[in-house]
Amino acid sequence: MAQLTLDDLNRMDARAFVAALGDVFEHSPWVSETAHGAAPFQSLEALYRAMTEAVRRAPAERQRTLIAAHPDLAGKAARAGAITDDSKAEQASAGLDRLSEEEFARFHALNDAYRKKFALPFIVCVRRHGKDSILRQFERRLAHDEPAERDAAMTEILRIAALRLDQRVAAPDRLKVAGALTTHVLDTQRGGPAAGVAIELVEVAASGATRPIKRTVTNADGRTNGPLIAGGPVPIAEYELRFAVGAYFAGLGVPLADPPFLNVVPLRFSVAEPESHYHVPLLVTPWSYSTYRGS
Amino acid sequence: MAQLTLDDLNRMDARAFVAALGDVFEHSPWVSETAHGAAPFQSLEALYRAMTEAVRRAPAERQRTLIAAHPDLAGKAARAGAITDDSKAEQASAGLDRLSEEEFARFHALNDAYRKKFALPFIVCVRRHGKDSILRQFERRLAHDEPAERDAAMTEILRIAALRLDQRVAAPDRLKVAGALTTHVLDTQRGGPAAGVAIELVEVAASGATRPIKRTVTNADGRTNGPLIAGGPVPIAEYELRFAVGAYFAGLGVPLADPPFLNVVPLRFSVAEPESHYHVPLLVTPWSYSTYRGS
Amino acid sequence: MAQLTLDDLNRMDARAFVAALGDVFEHSPWVSETAHGAAPFQSLEALYRAMTEAVRRAPAERQRTLIAAHPDLAGKAARAGAITDDSKAEQASAGLDRLSEEEFARFHALNDAYRKKFALPFIVCVRRHGKDSILRQFERRLAHDEPAERDAAMTEILRIAALRLDQRVAAPDRLKVAGALTTHVLDTQRGGPAAGVAIELVEVAASGATRPIKRTVTNADGRTNGPLIAGGPVPIAEYELRFAVGAYFAGLGVPLADPPFLNVVPLRFSVAEPESHYHVPLLVTPWSYSTYRGS
Amino acid sequence: MAQLTLDDLNRMDARAFVAALGDVFEHSPWVSETAHGAAPFQSLEALYRAMTEAVRRAPAERQRTLIAAHPDLAGKAARAGAITDDSKAEQASAGLDRLSEEEFARFHALNDAYRKKFALPFIVCVRRHGKDSILRQFERRLAHDEPAERDAAMTEILRIAALRLDQRVAAPDRLKVAGALTTHVLDTQRGGPAAGVAIELVEVAASGATRPIKRTVTNADGRTNGPLIAGGPVPIAEYELRFAVGAYFAGLGVPLADPPFLNVVPLRFSVAEPESHYHVPLLVTPWSYSTYRGS
């Protein structure tokens, strides 16, 4: 879908505006309709605030309908493809479209338990989570009482909308929906950036299974050309960065043990704040290394 | 088998001596018989030297027979249990008794190629190697010419004998056959040893498969009660030490991210010198860590 | 003075016992006399406990006399040499025998203020402190009320006695009066201990002035032959360890910048617990280093 | 002096051009005069190249006169103020205008020895050096033979000119005359930048004397607002960065030892390449720290 500009939107009448943004809130064009009353918007932030207000001021029953309009996570409708394109892409981002039978059964059971307790679908902004984190969220929120869970669901709906809006509309300002994961490699044996180090980033599931996310190589500055993850939330998950330092030092002609003491160095860490910047560098010699959450 | 003392051996006549040590060299009691001529021995080292001399001074044909007396690695005889107890235990130490069909086929092909080229069995002191390292050795040595390979085989036979002898005989001195792997954990947030950190040591195969070696917990000094590996060679292999630092810091009541930035820290390294001491410590805060080959 | 053994002491009658240990408490042989009632002693610890009890159970007036029996710190009597040999050696250990006129004046003023407030001399176990720390103690304790300061003075008297006793008597057990300062240097460029690194330890005064304590060189293990400080308390003070790593790497033929990025590496730290072990290592390459309080 | 632009220069006739740039080479307007033949200049680099060519192609005698036109370093003329303003400022930058009598005598002796050997003044681009480094250069170059020293002097003259030109002329490109010294502080106990850490940068003389260069405080990113040194060469010298980490952690309410293990952390290092970027960060907890030459 081509991006709209804020100016485009500000020039639209209510009908066109709702046609353009009606699906930012799942099956709930009334949010855009209400928000349009506050047009024109000085910024994307102002537009988002207007939508937020529309939701917050809606009567409880309407809010409940908004929640109910969402599909189950990894539910039968999703499996059958009978959900909105946005929902489809979002669920796929966390791998919910390729669950094992066992995982599908677990989601199914959680969905059932949740519907039984709250008579509503479970909503979470899946782009902010890896699969394990979604399951942890699911279990924690099942323990909520109704008012706490209503708040939690509304928070997630607003996060989903913010992401959809930020993606849909080109504006001078951005909503605070993106974090970043970056690294760099410093060769402390030579006292300079390590260039040409192959790097692999994988997501690590609680089961130990890994899912490749990115392969790249450090440039002359010991950095990667562009962040490892950027442009959206960094999903809450455990990651492993793997640095091929054995090949790097061998390539420089540094005498190494056989096999080298360090070959592929794994740095394993978790992201807890999807909208933050995680810088996870490697300082390395053939016999030592260190890492830290940097800035 | 109960350990003999050096004094016991020095009191023995030739027949008893050969009965006691004849199998230190595979199916070759003549080595012990010859060595007995140099009795009594001041030290285990002296006894080992006498055996070494006996082998080195033997005619080429006898040396060839000694080499030929060894069983194939992971060969059919081994599979059928038709090899000496020492060989059986040694091959088991490197996991050669539980190969997949694919691995068995690979060993089979290498054994064939080796026998075809050298008309002898391939010999390596398996206690000094993990499975991957044995395969690397195998391939490298297949490229040898005959004299180089004869030397390589003799070196390995003497290493096997040294290990068997060191295990068999109690003496004030020891042969230089043992290395060690140790670790300790330092909590650099609190400036002291980290006690109660669960540690797991695994061997990592080239395929990525891991084999558990040891589970332990740090004591009040941040060290383990006893080395992780000791008493013999540290097999040439890749290892991963895993430290449960998330649980450690949580147990201390340190406020952590959710999930914690560091949960299980993996340190991955290779051993190249089986008779050396590898000290691989972890210096850690909830947000950083470092390691190095220490002393 | 030749060391006595615990057995020697246990065989003595009261008179000989008091002759031997009467001066463990300054000008107060009655403490030893009372303690002798509990002889024989199973351990040095038991002997010290008996002395401690004698002091603690003494009437308030006698305790006050004990406090009053001590000389001023860096006072006129000390300057004139008119104090016990023990006191003389103790005051010298902290450099109180070579104060500048200005420092002498500061001690004089503090002594006066203290005597004016408490009508007693200020007592501190000087072997546990550098000069700056003594001055900080002095100022803090001047702020005490009488009961708090009486307790503080008694604590110091017992510390002085423990040190004198531990030095005087040879016994299988030791009193907990000694800490240690140690270091080691690890060359993380080569992955092993750094041998032959010249090390200098200095004490750093608040004024910035430094006082040399020890010069040494690392051995093959990257350690020093013996601790840098041991056998007694490590005085509360700021220290600087200086490692000549530029000369070390140059000696190995490592190519270095001109001048080298790192030449003499200073590690500056303070000791707060004189009876603890401070291990302050250096991990170093020509372009990086790290240190930590180790164990 | 107000900066000229490259356009200004390109519009000038020869006379104005020489008036503007004649003193870029000490008392030698002929260099600018010759270079003007190549006008207009596409870049500052092109202008500098034209000047370089003018010098390189000049007859040997003229080159010699150019060398001879420079004043002695820290010589009598400099002391009396009888040198060009540029020379005065340059010599002051390295502290040559405030030498002790002893230092002055040393420079005097070196100048004499140099004039005696080469019949020329000793020339060095002093902005690239601290005082100790100038003396080391002086002694090394005294050992040269004439052709080597002629080359060395010409190199220095061109460096001086490059610096003067880069300062004098505003152009889209810059000459490669500037390096930088930067730092940042990372609190690895909290896993983020350390804000509000007081930092002092001093130059350390071989004698141990220190000269303050800059005081600053880290900002919210743990960095300083602007580099510690920038805009010109980073003089070849030994430096010490001092970080008030004790006050920083105390300010955060982190429980510390008394006195804190780390109070002011000194990082001591030397710069060897004045036109390079030296990034010297501090990673610190209350009980550990590390540094490295970063990028």
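Think of it as A, B, C and D in the order they're written, each chain with its own count starting at 1.
Please note the rule applied: a contact is a pair of C-beta atoms (placed from the backbone, for glycine too) under 8 Å apart; a residue touches a chain by one contact, two chains touch by 3 or more.
Because the structure is predicted, anything quoted here is derived from the model rather than measured.
K.L.:
Hey, what chains does chain B share as contacts with chain C?
P.N.:
A, D
K.L.:
With residue numbers as the basis of comparison, which of the pairs A-C, B-C or A-B duplicates the interface of C-D in over half of its contact pairs?
P.N.:
A-B
K.L.:
So if I superpose chain A on chain C by CA, what angle comes out, to the nearest 5°?
P.N.:
180
K.L.:
Where the CA atoms of chain B average out and where those of chain D average out, how many Å apart are those spots?
P.N.:
About 57 Å separates the centre of chain B from that of chain D.
K.L.:
Averaging only over C-alpha atoms, locate the centres of chain A and chain D and give their separation in whole Å.
P.N.:
48
K.L.:
Mark out which residues of chain A touch at least two other chains, giving numbers and ranges.
P.N.:
As it turns out, chain A has residues touching two or more other chains at 188, 191-192, 261, 283, 287-288, 290, 292-293.
K.L.:
Can you tell me which positions in chain D touch chain C when the two form their complex?
P.N.:
Chain D reaches chain C through residues 133, 236, 238, 257-266, 268-270, 272-273, 283, 287-293.
K.L.:
Please output the residues of chain A touching chain D within their complex, sorted ascending.
P.N.:
Touch list, chain A to chain D: 184, 186, 188, 191-193, 221-222, 283, 290, 292-295.
K.L.:
Which stretch or stretches of chain C touch chain A in the complex?
P.N.:
Counting only chain C, the residues touching chain A are 188-192, 261, 283, 285-288, 290.
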